[in-house]
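Both of the next two complexes hold subunit A, though its partner changes from subunit B to subunit C.
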Partner chain A sequence: MRSFRFPFGAAAGCILALAVLAGAWLAQHPIERQKSTLTLWTFAPTHYEAYKEAVPSFEKANPGVKVDLQLVSGPAVTSRLQAAFWSDLDVPDLVEVPIDFAGTFFRGRLENVGFADLTERIEQAGLMQRMVSSRFSPYMSRGRIFGLPHDVHPVMMAYRRDIFEKEGIDADSIKTWDDFIRVGRKLTVPGKRYMLELFDTRDAHLASCLFQRGGGYFTPEGECILDNEISVQTMLWYVPLVAGKDKISNNLGAGQVLTKAVEDGYFVCLLAPDWRTKTFETTIPRVAGKMALMPLPAVEPDGRRTSTWGGTMLGITKSSPDQDLAWKFALHLYLDQQELGERFRGTNIMPALRSAWDQPAFHEPRPYWNQQPIGAMFAKLAPQVPFQYTSPFITTAKAKLGEALVACVQYYNASGDKGFEAFTRARLKKSADELRTLIRRNPY
Partner chain B sequence: MTTRPNSSSSTHSLHSSRGYHLQQKMAPYLFISPFLLLFAVFGVWPIVKSLVLSMYATSGPKDSVFVGTQNYRYLLADADFHTAVKNTVVFAFWSVVLQLPLALGLAMLLSRRWVRGRNLFRLAVFSPYLVGQVFVGVLFSVLFIPQYGLLNQGLHATVGLPLDTKWLADPALVMPALVLTALWLYTGLHMIYLLAALQAVERELYEAAQVDGANATQQFWAVTVPAIRPTLIYVLIMSTIGSFQLFELPYIMLNNTPGPNNSGLTIVMYLYQTGFVTGDLGYASAVGWTLALGVLLISLVQLRLTGAWKAREA
Partner chain C sequence: MKPNRLTVFARGVTYVTLCLMAALTLTPLLWLLAAAFKGQNELFHYVFFPPPGLLTVVNFQELWEAMPFGRYMLNSVFVASTTVVVQLFFGSLAGFALAKYEFKGKRLFMVLMLATLMIPGQVTMAPLYELIYRLGLMDSFPGLIVPQAVSVFGIFLFRQYLLQVPDELMHAARIDGCSEFRIYWDIMMPISRPMVGAFCLTSFMATWNSFLWPQIILHHSGRFTLPVALNQLVGQYQQEYGTLMAGTLLSILPVLILFLLLQREFVEGLTAGAVKG
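Then we have the complex of A and B:
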């Protein structure tokens, strides 16, 4: 009997045999699918912690359902979700997306958008009436709604109450931005103390001011309005606050440097959407009791006393095998009033559901804010939160507005008022035209 | 009894011989086939696919419209792409101009026998590269903090620089900050290459040069530089290619943004933004191909200017 010899030697034969065996074993023992029935990605640690509390009651009410909550890093959530949509692999059932990126997922044909169209479900549940309607607009594309608003994010003005008192300033007397700037000129000491923290290189604060005036990046139809009269006037007003000899604002960045700056009284006032008040509470604890909130100064007397900054949508993906269950979970997270009250205590975030604002949690005095009932204060302003519209080109629009801001700041620092209006108009038009060219390339 | 040759045995032997030759011929192909297969699937196919993709306007893989060379034509008029190219070229220029001489100087210093603790210094200079770009990016973000950052505190105390100088928020200062960070990160790596090359230079060459009366500068230009030229060219080209692929440092240091007024936008960052944030993979592919061709062109020019081809022919 002839013995069999592998042609390329025993070692190669062993490797081949091992490969065949391993392959066969894997084929016989496929990786078990996750046992959870619903997967939710969120990018905000505060949301994650809050949802952990809400999951058990949902699982109890729906026997056999297991929810897998995943905290995905903020910058990664969009690229990871984009990749998941494209490859159709590892797509979560529900996902929270930051407002600044939501529009980028609405690119392409409507039928190919990765999120399920929630328009009918929202209408049937009457959510447009029960929630703050302006908060749906950033999550709409071509008349369809792809996400539920997690929040309202009205903006107030946080200020160092102790410094105001020491300087003899009555916060209630500040009704308009003109009043605010007048006080700012008094309080600002260049290089040592500034009235307000405002960005001079990024669009975020400028955008809040734009929204307050009824402006924005896009019309509801997705047309660019970066160079309309509201934008021009807002830029002409904003830049002298952050540039030139008489500026009353500055910015140093976020994190520890901001903590130190607020503690030192380098910044007297800061724009404070609801979510940021919790950031202040946790990252600047030393000024507890010394801080207070006031409504945002109005552009004109009796004008809107708030704006908006930030936001989150909750979307259900088309890949979800049980979209009805996902919708049920979404409503559990966003409509359970008692849960929302508890969540407000932990996050300070105003939910979009109006009826939740009556919960006791929203009326509790907060020691950090000098015993102010900040929930009730935000709730009073929430209905005034302006509309903002999005587009698949929202990230580019933000970048273009930021570029225009930097150019205007540089011009103002170099030349002051001389020719500033003409320059601002031209620069905003340049940014808008670049964006329009990009939009025109979109074949969908 | 005579024995006849066994016909079946001879046939078997003939077959074995043929089989052996076949095996001999096939064996190399069989051994390299796993690599070839993997390279074809993960190398060649994506390259071909990206070239095809660059001719489409896309929104993910499901929505794509053939646009021919429109993506490439749009690149020529795209202000953001121009900014990215300008920033990348400026970064590459300053990286090469600063890193290489500094690395060579350090390599020459730390190759001297009289330097005490030179192994420790070599490790110290090389160590930034060990920790990686992300760590270095985070570290320098903290150093560059205005008002309270170590760099501003130091410069304020020594040269009176304003404390609130915003290295990462002032369009004019972003690039110097990135170049400075890259200098700290990569000089050690280049130094290691050059150190190895310097140690391979024969001592006799220096002795002969000394006998001929050459001073230190003449020895450097007549002996050291020609001897380490292949390594210098390698470091120059790799440094240039690496600079053109810059992504992590600005991404980390500028907090996932291209910086104020796109002052930290590099070509690869723009590619990433276009492809994975905006979702236009077709345009991103066109950016990628343009970058690849650009880097190839620059490398060829460098090879030509440094005379590397002539050396090879010789």
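Then we have the complex of A and C:
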């Protein structure tokens, strides 16, 4: 009798054996398919963990309801949701979307937007008054609101308190950016120490400065304002901070390099939205107690002392068969004050619900921040957080602003002040016109 | 003959250059290894390894507590190995047909097939998503395996390899009464073993590292493959770097072990140029 011989060789045999063994184990340990009434996608592990705690009480209060929480990573939320919307298949009931991508889902006619219009529900529940109203603006399109804001993300200035003290600088005396730059000129030692960490190749920090001045990417009607006077003046002010021989800022990227830079005092100050304070706590633990927060310097005396950076919305999809139940669940997640207090302890993220800020968690002194009650400090600034508007073209707008920044930085490094204003105006106009051309192709 | 001074010098320069290149390539892996064994306080403070007393396995413990890592590993092993086996079978069979048989439209078929390599995956994602949904394969392993069952690259690879095999071997087999499938199974495939080894490893690595499609298709966390599961450790604003590095280190081990076990076949496959009788 002829014996069987596997013809593909050892490599394939080995892989076939792996497939059989792994398959046998998985067959022995099947996953139960659960039937759910509501499905929620979130992309943040911290949200996922918090919502896991909140689900049982909701299910208990609503007998027969089963919630399926799914943790989907940030980039996947957008691709998976876009695919689900296009094919109108397997769409979740609720989904959290990062602020930078929210606008991309508002493309097309209003009736074709995949998210349910929450405007009436929000008005009926009085959420415009109960939450920070400016935080609804990034989730609006053509006057309709498609998402509940998860957070406020006010921006403060984190600084090395020990360096300030050693140099005899009183943080309270810094009220405006002019004050800040004056101190920065004193503290900055080119190549060794910089007053501030600011991006010179990405739009994020520049955008925060734009928002603080009342500017942004779009008007509420979705018109591009990248080249308006606020943008031009902000760019003219920002670029000399990050370029040229007198710059007081630098940018080293993130991770290990940033950690070392803060530890070694290379950066004295850093822009610090609420979420970033937690990042500092976890990735730069060795400066605990040496750090402190102060309000962002104002553009002019008595001006706004904060801005905003980042955000998340919770939307209900039109495909959800029971939108009342989905809304009820959304409110359960976003309006439970005690739960919001606990979440703040774990994430330092300010919820948009104003009454939650009275929770003890927001008033606790934090050792990392030299015993400052950072929750109360952020809460004081939260109502000042500026409006920002979005559009389906928000990701392109961000890229175009980044491109303009890089070009202006290159110009300033090469030519300094000579002709810089004319160049900046022209470059921002170029970016804005490119974006407008793109927008014009969309008739809605 | 004794090598002259110039040859020795040239060889020395070559080795030094290669060592530098190897060090450059290995640096990220070394960083990964170091990061996996550092606690949160030391993670970014020390560029590579901290003093021995500060080395810790806490990241691995946290990884095991944070997720059913063993299950994810087996999910990945199953999906990657099954995909490779299926791809290998269909790829070699189609490659054999295209290399050794004449049929109408063969050339057009080849051109069309190769043209599909030019279409970016993103373009076909939405229709493929709908197809998988209609087939009822969402949130399942077949939803990952079926779309990858046939690899055009694999077909082309086997076709090119089998073109070099003399037709006389097939004629002799037919005279001996071999069926066409037996020719494929008993003659062509044993000859193609070096190519099979190379294809298996490259295909396994590609499937093992596959991220976007599993991320879209798989919903239940119990079915996640390793890249998808590890990505859950990436937060919006903050990352569990230590745990992530520990998971990444563990996730590259199976591929590394497989490569070490099969490197002879892999290298033979890559350098194959001659026909073995």
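By our rule, the second predicted complex is superposed on the first by the 410 of 444 C-alpha atoms of A that agree within 3 Å, B and C clash if a C-alpha of one lies under 4 Å from a C-alpha of the other, contacts with A are read in each partner's own complex, and residues count from 1 in each chain.
Here is the rule we use: a contact is a pair of C-beta atoms (placed from the backbone, for glycine too) under 8 Å apart; a residue touches a chain by one contact, two chains touch by 3 or more.
Since the structure is predicted, the reported quantities are computational estimates derived from the model, not experimental observations.
A.B. asks: Between subunit B (first) and subunit C (second), which does A:F267 come into contact with in this model arrangement: first, second, both, or neither?
C.D. replies: In the superposition, A:F267 touches no partner, neither subunit B nor subunit C.
A.B. asks: When the two structures are overlaid on chain A, which partner does A:G402 contact: first (subunit B), second (subunit C), both, or neither?
C.D. replies: First partner only.
A.B. asks: Please work out whether A:Y389 is in contact with subunit B alone, subunit C alone, both, or neither, and reply first, second, both or neither.
C.D. replies: After superposing on A, A:Y389 lies clear of both subunit B and subunit C.
A.B. asks: Between subunit B (first) and subunit C (second), which does A:S79 come into contact with in this model arrangement: first, second, both, or neither?
C.D. replies: A:S79: touches subunit B and subunit C.
A.B. asks: Looking at A:Y51, would you say it contacts subunit B, subunit C, both, or neither? Reply first, second, both or neither.
C.D. replies: neither
A.B. asks: Contacts for A:W369 in the overlay, against subunit B (first) and subunit C (second): which applies, first, second, both or neither?
C.D. replies: A:W369: touches no partner chain.
A.B. asks: Kindly classify A:G191 by the partners it touches after superposition: subunit B alone (first), subunit C alone (second), both, or neither?
C.D. replies: After superposition on chain A, A:G191 lies in contact with subunit B alone.
A.B. asks: Contact-wise, after the overlay, does A:F8 reach subunit B, subunit C, both or neither (first, second, both, neither)?
C.D. replies: Both partners.
A.B. asks: Contacts for A:F180 in the overlay, against subunit B (first) and subunit C (second): which applies, first, second, both or neither?
C.D. replies: Touch status of A:F180: no partner.
A.B. asks: Which parts of subunit A are in contact with subunit B and also with subunit C?
C.D. replies: 7-8, 75, 79, 83, 86, 256, 260
A.B. asks: Which of the residues in subunit A end up touching subunit B in this complex?
C.D. replies: Against subunit B, the touching part of subunit A is residues 7-8, 75, 78-79, 82-83, 85-86, 101, 104-105, 107-109, 112, 191, 200-202, 250-253, 256-257, 260-261, 266, 392-393, 395-396, 399, 402-403, 406-407, 410, 434, 437, 441-444.
A.B. asks: For subunit A, which residues count as touching subunit C in their complex?
C.D. replies: 5, 7-12, 14-16, 18-19, 22-23, 25-26, 29, 31, 33, 43-46, 70-76, 79-80, 83-84, 86-87, 89-90, 98, 255-256, 258-260, 263, 275-276, 278-279, 282-286, 310, 312
A.B. asks: What part of subunit C is in contact with subunit A in the complex they form?
C.D. replies: Touching subunit A: residues 40-41, 43-45, 47, 71, 74-75, 77-78, 81-82, 84-85, 88, 92, 125-126, 129-130, 133, 138, 185-186, 189-190, 193, 196-197, 200-201, 204, 212, 215-216, 219-223, 228, 231-238, 240-241, 258, 261-262, 265-266 of subunit C.
A.B. asks: Considering only the defined contacts, which subunit B positions touch subunit A in the complex?
C.D. replies: 19, 23, 27, 30, 57, 59-63, 65, 67, 70, 74, 77, 79-80, 145-149, 162-164, 166, 168-171, 256-258, 260-262, 273, 276-280
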